[in-house]
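Please find one structure pasted underneath; my questions will follow.
Letters A, B and C mark the chains as written, and numbering starts fresh at 1 in each.
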Amino acid sequence: MLGYFVKRVLLIIPTVIVVTLVIFLLMASLTGTDTFRMVTYADDAGTGNSVLSQFFVYIWHVLTKFDFGVDPSTRRPITNELLRHYGFTMRMTGAALLLTLLIGVPAGIFAAVRRGSAGDRAVSAVTMVISAVPSFCIAFGFVMFFAVKLRWLNVLMMDKTDYIMPMGTIVLSVVASITRITRTAMCEVLDKQYVTAMRSLGLRNRSVVYRHALKNALVPIVSVISSIVGYLICGCIVVDRFFSLPGLGMYLANAIRSRTTNTVLAAAIFISFTMCCVGVLADAVYLIVNPAMRENVSWRSGRLARGKEGRA
Amino acid sequence: MAENVIQVEHLSKTFSAVASDGRRRLLRAVDDVSFAVGEGETLGLVGESGCGKTTLGRSVLRLTEPDSGRILFRGADIKKLRDMRPMRRKMQIIFQNPAGSLDPRTRVGDIVAEGLELHRIGANRAERRGMVRDLLELVGLTAEIAGRYPRELSGGQQQRVGIARALALDPEFVVCDEAVSALDLSYQGQIINLLEQLRDRRGLSYLFISHDVSVVRHISHRIAVMYLGRFVETGGADEVAQHPAHPYTRSLLSAVPIPDPELAKARERTVIPVEALSAPAPDRGCRFSVRCPSCTARCLEAAPELREIAPEHFCACHLYD
Amino acid sequence: MKNEKSPRSRAVRIFFSDPWSVAATAVLLLLVLACFVLPFFLKYSYLDTDFTIKLQGPSAEHPLGTDLLGRDMVARLAYGGRFTLGITALATVIAAVIGGVLGLLSGYWGGRLDFYVMRVVDALSSIPSLFLAIVMECALGWGQGNFVYGLAIAAIAPFAKIVRAAALDVAGNEYIEASRALGASGLQVMRRHVLHNVLPVFIIQIVNCLADTLIICTILGYMQVGINPPTPEWGNLFHLGKDYIRSIPRLTFLPVAAIVLTTVSLNIVGNGLRDSLSTTGGDR
């Protein structure tokens, strides 16, 4: 099993490189390759070369000097600024992930255990409506309700409490998904015959539910965590714009308006790297939760085939 | 002497699979198998799950390409053929899983007619529809079933559709791959009778594959017992059933319940200890040695060959050397 | 006489027996009518600015009022809908065709094609779709024409994966082998058996993709990536009215309502389709 993780960790960098290449080629093919310059450097390296050689120059700079190029207008290196914004967004994402799990999983269990009842149907209806609303609408709803009508919260981000609305927005936009998946997973497990067997053996319902069923239901949840993190990151980006937070969202918006491919590409690399790491971590948690798989996994295995991702 | 409809010589098929721990394993599903099936004859193929009989059935039809060996249809080597399409009209297969072998989104009539359409048999649609009607009647179904979907039929009816589909091209040789194993017992008898009737009326040759010894004994003229890719015993159906030679055949037969309690008590049972079942097969020596109650030192060193121990009765076991 | 219980008629019957599905379908049809047909009957275009009547409330002349440049809100919404829905639909169609074909060939033929296609698809899907759309937009630059391609590229990966999974699932069945045993070539098997068994999953994915792409489209419009005012797009409209959230909520509320209505309806229709298209499980 250790070999499997070594291999996965070693594969992160090559994977990111491949992803960068794919994006690079896509962007190149869409903009036209004759007057093409993807990345600007302080020393003007790589100008005027073919697409592939530009790619190699770029990778070289990134891997050896951690240099993602400079902003063409200001000529300042973007690495530091990008790191700052990225760090902020990552912190938000982490906190949001925690909150989402803390709210979503119990809600899903609640709905599953009371399957078919009014409570369950209420939860299902609420999650369906919430998941249909784009995040900026949710943000808008929050602002309308809490800032305007109730005048409880401020939009100005002066102190810690002002983070409630942005965090709330991000969490809400994703929590519906987790709730749905948890509910489906719990329902499936509770339907299984071994649960009935345990109940007939006299185990208290509560202990059955929480100790045994939940452990097995966690499996599909863990397998979905990678895509959840992806959605959370997107949510953070949108919310940045809305509440003017110093995260990736603001930074990217400006970069896009001025068409700095540097920044966008670098951000893509950061995010791709994050997603790969999250993937490996998710695999680790998956193997903790599902001990049956531990024997079968070795240095040679491919990526773990986890359950269906995305919509539950 | 009439030539054999099917003659298989030294057929082998090996699969290489990557297990989940990453290691590559070679599985010799069919290992140097030879047999022949004459006109109107039924060869029964018995063995437990995983012994390679399904792979053998599919290899003869080249649905799975065999690695080596010869397959002769009425004397002509079909293994080398580039285009199997003309041969498909002579050799067909009936599958095990009645529901899984029928496309759930196609009507029964179209399922049966598929072969006719592919080979442009019948001048027009109306003529083909007539042929489908005849085929359905042949297998004991009413013509109106042609408009139904497989979901609406019972297991027995679905299997009959599968048989009608196979017979649409008027083949001479049919592989019945566990054709009745997935059916309820009441349907099993019906389908077996149907298969026998069709065989007699059309002079079909069958390769009847099953893990159920009693069924195989009933319908076959000759029996071949397969274990881990090899034939361990072949002979006439009655001969093998009454005088099983190989220890594996003996264990298969002694597992079959005998209705008469007196006879049941009197019979000699060959029981294989449970622990032996999960041990892997050895590379040298007889593959059955791990589970064999009569295993000797010689069995561990050399693999036995098929030898004639009685007229037309072959067995691969060192007990008979 | 042919029995009418074909899978298609069964699916239709089940779908329309659910009142929510019917309602959602009706809502979607109305929205499409409102956005694509209604504009022909409107007096004002979405471009007619008239500063004298800006930020007016609902009146006989302008049933939904005017925006900050004096433009008729009904026209803004309707044309905005045309843009948003049209772009979303177009991007979905492009992604469906490309992703669907790739997934089908990958799943059915397997081998090297499958390997390489799946590597690229995995690379694309390791980036969250909104972000991928942003990246593509940056490359493509402004202009409505290119906006579609960015959205489409972000939507290809899920199509490819889902269609491939469905194709693999179908290809493992014995009726495929039976068809080959009858003498069908690879292409014939695909046409006769694979296509219509993969279709249900494909259709459901189209509806899901429409909903997801719609949200991404509106978010991009809100962030003003790839769409210039004065072109109306529901996300765009929201952004323009954002400054007046407190004073004139109507400006933001209307596009939000339109978006939510469309997305919820699409989700309901998607669920309904999923229930009605599940094939082989027992008779309903």
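A few notes on this one:
Note that in this section contacts are C-beta pairs under 8 Å (C-beta built on N, C-alpha and C of every residue); 3 or more make two chains touch, one makes a residue touch a chain.
Here the structure is a predicted model, which is why all the values come from computation and not from measurement.
By C-beta pair count, the most extensively touching chains are A-C.
Each chain gets a centre from the mean of its Cα atoms; the one farthest from the centre of chain C is B.
If you average the CA atoms of chain B and of chain C, the two centres end up 50 Å from each other. Between chain A and chain C, the centres computed from C-alpha atoms are 22 Å apart. None of the residues of chain C touches two or more other chains. Residues of chain B found to touch two or more other chains are absent. Partner chain A is touched in their complex by these residues of chain C: 119-120, 123-124, 126-131, 134-141, 146, 149, 153, 158, 208, 211, 215, 218-219, 222-225, 235, 238, 242, 245-246, 249, 252, 256, 259-260, 263-264, 266-268. Contact residues on chain C toward chain B in their complex (touch as defined above): 1-3, 5-7, 173-175, 177-184, 188, 192-193, 196-197, 279-280, 283. Listing the residues of chain A that touch chain C in their complex gives 15, 18-19, 22-23, 26-28, 30-31, 128-129, 131-137, 140, 143-144, 148, 227, 230-231, 233-234, 237-238, 241, 252-253, 255-257, 259, 261, 264-265, 267-268, 271-272, 275-276, 279, 310-311. In the complex of the two chains, the chain B residues touching chain C come out as 58, 61, 63, 84-85, 88-89, 92-93, 95-97, 99-107, 114-115, 118-119, 144, 147-149, 151-152, 162, 165, 169.
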